[in-house]
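My structure is below; once you've seen it, I'll send some questions.
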């Protein structure tokens, strides 16, 4: 019957609308459900996941020594040309010429955090740090040198 | 007991005692003008903030919370920003109409403040056709919207304006019909008469189910008339970017924005006046003791409470429902709301004649 | 040349939807001819985000090209990586350890849920309801947190690599996934109450954007778009890969052929994915997470094709190898591209509002179309 | 139909087609002149019923182009790979977008990136690139000295 259907339509429609309003009304009154993270304010407590890939860093120990042999496996593994390794030759204790890194250039602006260089590294010299605050005013500041000044290779790493 | 009526009376008497009547009247005009503009600004700011907060809490967010405590100065900051912004006029636009349109909308919204009774004896102009005035002038704003859409020389704006025209013209009918039910019961178009007629109970309680139906119809109709979701087709941002005000920026946009909120306030104030007794406190028949207690709450609080409750309802709608399609919008009006409110009007008329209401 | 936007000689209005428009979640540009509000003709204009990934991959090694595909359909980046890894493994004939297989499937299904969550919110937002977007992000955020913890990134994970997965699962993984499943189940009814059951929503969706089964096949539609028209197209069922053939789940089919059917397919697919996750989460076998592969991968000469079911449909990866370390030619048959080709047909004769609803149910991700 | 049956059926229908070994599906080479009739037969023959063109692309072999069509049937669930050799100087092939609607955009993509002309295509324009773009980027000899980024 037309009239019954018509009234039923209106009734069902109203009911569905009220069910929706019930949900929003619930959240309006239950402020505990709020999930906003107040980012710059919660910096002190904000903990990123350990594995979060934010940028590549080179591990240096307390003696300012790293394990990079300058093999450029990471440079080859990188799909974007993010890493540039400049090598130098220095004399070791026995007076033999030995390859060592001069500068480990890392272009953060090109990096896609794909983790391929970390996997490629045979000596586990580089790792990903969960640092995500990379904004700077000048793009050139994103080109970083990863080996610290005056650092040298750890003894025993080939 | 501090009441707005006493303040207004004191000012009125003082002015009349100090100056001659013409000067007193003139200074009253100026005072009212200042009050109205101040109210405007206050309403705009507080309603925008309220909307943001309501939206945020419904969406599991905090909303503005940076500028001032709980973000209460956020809208002030936004207004400042809008004032600083350059008001662009597109090259191809009809410059005169384009610049005129926001003012038309704004003036229409401003005129509507006149007959609203904010509190006991606090009313700018108690015109004897108050309700008619309200429903007539509120449809003037569509001219401003059409003007804006046409003059922008933008296709989105144009489509938005056309939608707005169709929408407001059709929803005016059911809004009008649901207002008339109260007018029939009261027997007067004057706002003060309508409020006084609810001294022993609000119409929503006295008028049985037909008045509840006409209240719902009224609520839907004003949602559509104020171009708010789920009826925000004129500015449907996912379809028409921003509809009729796509090309507006800076203060001209702010005027549109403000007038939208003023219109909401007016529409809700009208709804509160008609169905919830305006500033009339909650009275039940002849329970004198109960009525006395209720009278202790100032009438302005009653009025604002009711109005803001209705505004909250509209915001609740907005942040819950999806938007209608343009043909569904019209079929809702012509197939559902209009027949229902017509039959409802008939029922109310019979009710009024037979005296079935309380 | 970009054609004159204005009025056609018949008096129809030509307008742009996109490339910067709130209805297109990306840089899709549609040039539409309108008669009032009725759409006469729709023409997609692509290329605003074309990065020529296919050309790029020709100079990347088989290990490197996988990460690029995360940027194709960024909402199902796991599935893209999965497909690439599968095709390389097919060429190398590497057997992936079972633990890696299970992890991959788990990640795929989590991504699928995350993708559908985002779609659900965006779809409702297209129709003018803002609140569902935020509600869906609550659950989606839980998934991205899980991803962040295990894979190290939130969106473009690059976790699956040829031979297995890049790292072992995080110790908390199972606990957190179970927590997510519980959260999802407790909140799922809200999706239906807030949006699905809503009368306005149903009226907007039902009978809109009709795509018959025959047309769905002819337009090459896959995934939920085809399944909404009753075309069985779930690669996980038809051509099972990894451990999918051992799992209990249903292919969601709807016969409505309209936008609402496509909507319901995705809503029910989320439940199916949750079902898969529940089956696997307690039965992750112990063992290696990566097969032994050479440092430099070389595919033998030949052609390799692998299809996987992404959140949007069938992703095909076609590699022509000359035996070197890089692919000679690579072609991604992306689901969005074919689904988009049906859009002009779907919206013809309907209103602008319907365009938005239909486009929402196609679930277009523009980088997937432009590649 | 398994690959063996499919092969037999195709030899029966199109004696000129040559097979290529390898791959998981049946690969056949056909003559560009015959392509349209073959496509129609493949689409309409009941035992074959290739109604789903799931991949359409082109490969630049430096000496010639190969159009690759991956066809499948949603009824029988078998797949077929069709290849057409095109000369490099003036690559032309009949369109199939009237048989498989999905070909319309795919063929425009191939036209855009490889410069293969599809005869009788209803709307053959560049899809991704601008109309005034010179060159076809996915060809092996494409060089773009201006936009290439050197590190």
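Think of it as A, B, C and D in the order they're written, each chain with its own count starting at 1.
Keep in mind that, in the parts below, a residue touches a chain if its C-beta (ideal position, glycine included) is under 8 Å from a C-beta of that chain, and two chains touch if they have at least 3 such contacts.
In this text the structure is predicted, and so the values were computed from the model without any measurement.
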Which of A-C and C-D has more C-beta pairs touching across its chains: C-D
Most remote chain, CA-based centroid, reference being chain A: B
Chain C and chain D: spacing of chain centres that average the CA atoms, whole Å: 25
Whole-Å separation of chain centres (CA-atom averages), chain A against chain D: 41
Distance from the mean Cα position of chain D to that of chain B, given in whole angstrom: 63
Per-residue overlap in chain D, given as positions that touch at least 2 other chains: none
Junction residues of chain B - those touching two or more other chains: 58-61, 319-321
Overlap residues in chain A, where contacts from two or more other chains coincide: 17, 20, 23-24, 35
Interface residues, chain D side, partner chain C - complex: 22-25, 27, 51-55, 57, 59-60, 68, 70, 74, 77, 81, 100-102, 104-106, 109, 113, 127-132, 137-138
List of chain B residues in touch with chain A within their complex: 54, 57-62, 65, 316-317, 319-321, 336, 340
Partner chain B, residues of chain A touching it in the complex: 10, 17, 20-21, 23-25, 27-28, 31, 33-36, 38
Residue ranges of chain C touching chain A (in the complex, touch as defined): 60, 63-65, 67-68, 131, 138, 141, 145, 148-153, 156, 158, 166-167, 170, 190, 193-195, 197-200, 202, 295
Residues of chain A touching chain C in the complex: 12-13, 16-17, 19-20, 22-24, 35, 48-49, 51-53, 77-79, 112-116, 119-120, 128
